[in-house]
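In the two complexes below, chain A is the common chain; its partner is chain B in one and chain C in the other.
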Partner chain A sequence: MADRDPALAEAPAPGGYVGRAVRTLEGRAPIVGAARYSNDFRFPGQLHAAIVRSPHARARILKVDLSGARKVAGVVLAMDGREVATHLGPIPHYIDPATFGGKSAEVRTMAVDHVWCHGQPVAVVVAEDRRTARWAAAKVQVAYEVEPAVLSVEDAIAPDAPRVVPGWDDNVIMAVPFRNGDPDAAFARADHVVATTVRIHRFSTQPIETRCYNAVWEEETESLTLYGTAQNPHPLRHVLSKVLGMPEGRIRVHAPAIGGAFGMKMHGHPEESLVCLLAKLLRRPVKWVETREECLLIGAREQVHHLELAFSRQGDLLALRDRFFANTGAPSACPGWGMAFLTGLTMPGPYRVRDIDVTMTALVTNKPSWNAARGYGKEATALALELALDEAARQLGFDPAELRLRNFIPADAFPYASPTGLQYDSGDYAGAVRKAMEAIGWDGWRARQAEGPKDGRYLGLGIAYELTPEGGALPGTMVAGYDSSTVRVAPDGSVRVLTGVTTPGTGNPTGIAQIVADELGCPIEWISVVQGDTTTCPYGFGNYSGRSTIVGGGSAALAARAVREQMLKVAAAMLGVGVQALRLSNGVFDSGDGRTLSFAEVAYAAYTRAYDVASCITPPLEAQATFRPPSIRHSPDADGRINPYPSYSNAAYAAVVEVDSETGQVKLLGLAAAHDCGRVINPLLVEGQACGAIAFGVGGALMEEIRFDDAGHQLTRSFMDYVMPRAEDMPGVTMVHHDSPNPDTYMGLKGAGEAGVGGSAAAVVNAVNDALKPFGVAIHDLPLTPARVWAAIHGSGAAGGAA
Partner chain B sequence: MSLYPSLARPRTLADAAALLASLSSGGVVIAGGQELMPSINAGVLAPEVYVDIGGLAELRGIAETPEGLLAIGALTVHRELQTHPLVTAKLPLLGHAATRAGGGRQVHNRGTIGGNLVAQHPLYDLAPSLLALEAEVEWVKGSETVRQPLAAMLADSRHGLGSEAILARVLVVPMAEGLGFAYEKLKASGGAYGSANAAALVKLTNGRVAAVRLVVGAVAERLLDASAAAAALLVGRPFDAAAGAALAHAVSALVTAPLSDAQGPGPWRQAMAGVVARRAVAAAVQRAGRA
Partner chain C sequence: MDDLAQSVLVQWRVNGVLHELDVLPGQSLMDVLRDALRLTGTHMGCMTGHCGACTVMIDGRIAKSCIAQAATLPRAEIRTIEGLMGPDGRLSPVQQAFWDEAGFQCGYCAPGMLFSAIELLSETPDPTDAEIDSALAGSLCRCTGYQSLRRAVRAAARALRETP
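Our next item is the complex of A and B:
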């Protein structure tokens, strides 16, 4: 175990801003329409780019004829992929599979002579306005020789399957075994083995703000600025420097307000470097705004799990086997494929089983590429495990809650070394399940269910658990576990926090400001938080993996503490007392003998009396600090395993549904969650995040799906086809907290941004399957659309009898 | 096709009709824009001339005609259908269907009855009720004014977006006192289009079905007028569970080529046609019984 960082124990006493439901400082601007999103950046002389995309899933490009587009008045440039490739190098992978022993495809900004998915960029047109650019793009003629596409994982693993990446010997990016103990022996001695196949479909995250990039060429300094939707400005700058062949010092990335990201605005997208190239070539600002149809091309999550669970007669889970396959679409430089790795690494979730035999196989296919999506593979672990456990409970006649309670890691076993090498920090899984069941009124619903169906409507109850490692760090990649902040106090006492973490709109600047206000002992209104700019902020890794408050807040606290020390020294000198005699709270230094100084007086003195009372410090009032969670371990253990996470959020979910046996419609009657994200900085922010993730889960379980035809054309092109939950689809969500502080982070924080998608989805699916119990059927193919539920009921042969 | 289309705003219906006739295929009528603009934004349509009829007073308003019909101007928006006292009193089925139409309040405030019908979209919510009510439509093409049953217009492929004709009014016989009505809509989730819907009108005499009109939508390319099948099964009998089951079975059997799309696969749509038909008739019977 890593040594505890002594600084972690020194957090201010409770009673300040931390823990309170402070309204977001940055929330006013979007509400009054004053927030400045990427598309609100307009530059004189700005040009607009439109991208021509492949209508085919797999094809050879025979000829690209740009002449029609070039003839349109207002068009200034038209290029095909071959020409773009003469200017731009391959895009570096966010997480290169080769770093972990997998295969690394060369990913170009645009297709050069071969197309590997529907929607892949083939040509680009730049014009004086967006309309002209789109109009002219429609005039680009591309001759394709269409080839048979590889669409499913079954297609992809067939020995004679066409190769998605020309030159690869198969379609496997990476296959990883996660094996511990002696699973074969455990299966041999088991009383029961339950086999289940779980199919998780392709669903997405759809931020209301689609992606947008504005590239501006500064002739004076021969440098580029990208104003755009970027979760990770500094790492993106590094990528742009590699692709464009320019030093990082000549590139600035500025990420303004973001209207939702959920992983989709992590980088590796071809348009990032393409728009920069266009601005550089044309010496004029260039804008590209993603359409909703383009945004829907970014996939995630599609996996097939073949699970086997071995049980003793008493219901102890003795061993787990899972062969799972991820359909990650065409190769991409974005970090999407890594989701599959995390699905395996997070097995067996909150359960104490030690004998496991899990194999992850991440495959490329001719569907459009994945990018990271909230949950980052951990939602798939929860879905696979929780659906399989309920199937086991049904087959073996156990109560689903009892089966879980029997098999959880006990609360006194933390820190806990998981069979895949993770080190879980803390938790009380059984306690959380009991709280969630109580919150939803479990026993009352069970009693109503026992009264039998009414008018063909069947009640169902489901529970599920999700363990969500957050704050991840992968060695050799830009997925870093640490981050940095600078805290500055101005001569008037106002406080500026510059931090390397960014916000996708979650409110983390307010959480960081609460932490800094308590550390500095000043009102929160004096604090402003600056994020998302490579020129002004310390080098940082931005937003992903539920990290922003853990490492952004932790580093800001350490920096604020250093500034506080400086101010205390100055105040002590001004009052002629020892530092120990001073108390600082609510912006006032109090000597205890009736004399006080204001925060502003001390700040002004620190700047203006450097040869007098401030000679004891080094001006300005500014400090930078880094928080590096100590429990992340990248040196492999004897089995070659690492612990890439400092924080293991977890939550229990309970759902109640009513299934209309005649139509297959599922109505959600109740949802509850008991959530453990460690110490809660701001319950408003945590509950907002959790409710959002739960709605994601509901959408994924019941309705959201990206569909294709048999040739690999994507059919889902707008919100008319990709239907997310509306208010009428969501019941009230009862949130209760069940916090166990994390000993390895500042203030005991765990991530709170990612958890909930898989747990809530699994609870809903388990509730539907509970409702379907009288029909003797269960569905493990998602989503549970009314048609699918209806088909299960009416294919069961029990529809007449049970209804 | 032009990158820079023009906008025409004729002052009279006659001017608008004459202009459209002179434009051949390049012109398109725009009023509320709720159907047209998504098609244009998606690049499906690229008109040369938009003929904006939104300002034509002749197409506005809801009034009773001398022959006792309710005349609904083509520019009447869904929100008016939901709230107008004449619709509430005389055509409650239509008013009810308008509340179930897709889209939020903003869409209901802009989308017109004319646009809804001209789209000839199998999933839309106003046509089933109007067909059940045996509505007529009046449209203008060039200098000619044509009045025909809505059913005939919906079956005519020359109508739809981009047509040279302008729908002027919808004419409906007011519903008789005591007539039971219901519009039943089934959708996969709150934000989805309907997967099956049904509009029903039922007259009860002494607890027995005396007359029935039943139109089922969203399950096939064309709306299904199942009134004859429903009448054959139901008239002269009380509407009980057995009658409902027989009706559902009969209606599903009429759906020979179900739609199979993002709203659900064909076999389910076919089955749901029967379910919504039975539910609509049951609800209409209940209302008629209360009257």
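Our next item is the complex of A and C:
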């Protein structure tokens, strides 16, 4: 095990911001309309780009005729994919499958000769304004020879399936076994084997702000700036340098305020480098704003799991087998496909079963590509396991809660080495389940359920658990486990924190400021946090995997400590006392003998008295630090396994639903979560994250779905078709904390950004299936739309799942 | 591209400031506010009227500016999110409550949520949770799961009842 740094868990300096419900520092701007999102940037002479996309899922491009577009007044440039490819190299993969033994497709900015999904860029038009660009794009004529498309998992694995990527010998990106112990023997001695198939559909994060990129070329320095919706400015800069063939030092990426990201604004998107190229070629600023229809092309999460669970007579889970397939769509440089890997790696979640036989197969198809989506595959682990456990409880006659409590990893078993090689830091899963059930009033609902249905409406109760590894690091990729921050104290005593982590609007700058305020011993109002700019911030990896407070906060704390030590030395010299005699809190240095110095006095002296009282330090008052969680392990163990995560957040979810047997409508009556994200920096922010993730789960379980016709045309093209939860769909969530501190991070932090999608979705599905028990059916084919629920109740056979 | 002879001269008071603007058919109110008047607090989210990020108030009623045609509003009193602060730069009680209660995360949906809350509370000073949900249902939020928004509206209602 990695060395544990005792300083990590050290109590912060007095001030008491950590743990408090501090309102966000950055929260004023959006409520007065002053937050500046990417689309709010406007540059003199700015042009607008519009993209022509393939209407076909799989086709040969016979001819692209740009002449009609070029005749439109106000058009300055029109290019097809073939021409763009003469300027731009392939897009480097965020996570290259080849790094992990998989197949790596060459991903171009635009289609050249052949399209592999509906919506793939085929041509681009640039004009003086957005409307003209879109009008001209409609004048581009493309002749296609349509070919049969590969759409489903079953299509893709058929031996005679057309190859999505020309030249590949099958449609498999990567197939990975996660095997431990002797599962075959365990199955052989089992008293019961429960087999079930869980189908998770394609759904998407859909932030309300779509993507937008503004590229500005600076002729003076021959450099490029991209202002845009980027979760990871520094790694994106690297990608742009590769695609454009320019040194990183001449590229700046600036991510301003972001209107939600949830993984979708991680990079690899073709429009990033395309917009930069256009600005470079035209020597004028260029803007591209994604339409909602374009945004809906970006998918995620679609998986099919064939599960078998082996049990003893007493209900002990002896072994788990899962053959699962992920339909990741067409190849992409975005990190979406990696979600499938994490689904396998997170098996068997919170359960202590050691004999496992899981195979992940990530497939390419002719659906549009995935990008990362909050949960990053771990939501699928929870859905598959939790639906299968409820199926087992039904078949074997166990109470669903009892079956889980019987099989959890016990609280005294941490740190726990999982059968896939993960190192779970801490947790008390049984305790969390009990808390969640108590919070929702489980026994009361059961009693109401026992009274029977009222007016054809059936109550159902469901529970589920989700283990959510967060803060991940994959070797050889820009998914890094560490990050850096700089803390600067100016001569007036004001504090600036520059950090490599970014915010998609979650409030993490305030969490980081709380930590720095406590470490420095100054009021939080003196602190400003700067993020998202490759020119001003230290090299950093941005936002993903619930990492921002763990590594952004951890590194800012270490940097703040270094600055505090410098200031204490100067103050001690000014007062002629030892450093040990000084106390620093609320911005005041107190010598204990009645004399005090203000933060500003000491800061000013540090800058201006470098040859007397400040000769003991090296100016300026500034320090940079990196926090690299020590528990991440990339050197493979004897079985070739690594531990890519420093933090294992986890939570229990309980849901109550009412199913209307006449209409198939599901009404969510209550939701509770008992959540363990380690030490809580700001309960407002943590609950906000959890409730947001839970709404993703509810939407995914009941309504959100991206659909295609049989030829692979995407049918879901607006918020008319993509139905997401509104206020009326979300009951109040009862959140209880059940925190166990992480021994391997600063102050015991765990990630809090991702947890909740899969656990809440599974609890809702389990509750619906509980309500359907009187009909003898259960649905494992998501989402549980009214049509699907109605069909299950009325026995049309269209429901799937175990009947 | 458009027939300029069909342009319409509109007279709007936007956040208290009078504007006379010649607008073209097909121009949305959102485009005119964002592009011509540089009021970028009104956000583009879906362009189909489903998400509410473009919400403004037209003659005292909330409206989605992405599907409101500018040329159909010859005379109008328009309020955008930039016009919610008092002339002294102080936050309105509704804004203050949304900030204090961490109502928003990314804040992109703020126009819809704030204007929906203002309209609700002007008619229903002490709303139930169901009334709050119904008022907010015209806008989508992807960050909060609506829990903090509901809490903010309740706090705003309290604040407004306590201010004479």
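In this section, the second predicted complex is superposed on the first by the 791 of 803 C-alpha atoms of A that agree within 3 Å, B and C clash if a C-alpha of one lies under 4 Å from a C-alpha of the other, contacts with A are read in each partner's own complex, and residues count from 1 in each chain.
The rule is simple: a contact is a pair of C-beta atoms (placed from the backbone, for glycine too) under 8 Å apart; a residue touches a chain by one contact, two chains touch by 3 or more.
Quantities reported herein were computed from a predicted structural model and do not represent experimental measurements.
Undergrad: In this superposition, which partner touches a larger number of chain A residues, chain B or chain C?
TA: With both complexes superposed on chain A, more residues of chain A are touched by C.
Undergrad: In the superposed arrangement, which partner chain does A:W135 touch: chain B (first), chain C (second), both, or neither?
TA: Both partners, chain B and chain C.
Undergrad: A:M110 contacts which: chain B (first), chain C (second), both, neither?
TA: neither
Undergrad: Does the superposition put A:E728 against chain B (first), chain C (second), both, or neither?
TA: A:E728 sits against chain B and chain C alike.
Undergrad: A:T716 contacts which: chain B (first), chain C (second), both, neither?
TA: The first partner, chain B, only.
Undergrad: Return first, second, both or neither, reflecting whether A:R707 touches chain B, chain C, both chains, or no partner chain.
TA: The first partner, chain B, only.
Undergrad: Now for A:I31: first (chain B), second (chain C), both, or neither, which partner does it touch?
TA: second
Undergrad: After superposition on the shared chain, which partner residues are touched by A:D40: those of chain B (first), chain C (second), both, or neither?
TA: second
Undergrad: Which holds for A:Q665: it touches chain B only (first), chain C only (second), both, or neither?
TA: In the superposition, A:Q665 touches chain B alone.
Undergrad: State whether A:A791 touches chain B only (first), chain C only (second), both chains, or neither.
TA: Once the two structures are laid over each other on A, A:A791 reaches chain B alone.
Undergrad: Could you pull out which residues of chain A sit against chain B in one structure and against chain C in the other?
TA: 131-132, 135, 718-720, 724-728
Undergrad: Using the touch definition up top, name the residues of chain C that touch chain A in the complex.
TA: Residue positions touching the partner: 1, 38-48, 50-51, 53, 80-82, 84-85, 91, 95, 98-102, 104-111, 114, 129, 132-134, 136-137, 139-150.
Undergrad: For the complex, which residues does chain A have touching chain C?
TA: That would be residues 21, 23-24, 27-37, 39-40, 42, 73-74, 131-132, 135, 205-210, 257-260, 262, 289, 291-292, 504-507, 684-685, 687-688, 691-696, 718-720, 724-728, 730, 732-733 of chain A.
Undergrad: Of all residues in chain A, which touch chain B in the complex?
TA: Within the complex, chain A contacts chain B at residues 72, 131-132, 134-135, 138, 293, 662-665, 702-703, 707, 715-721, 723-729, 785-787, 790-791, 794.
Undergrad: Going by the contact rule set out above, which residues of chain B touch chain A in the complex?
TA: 3, 38, 42-43, 186, 188-193, 195, 262, 264-265, 267-268, 271-272, 275
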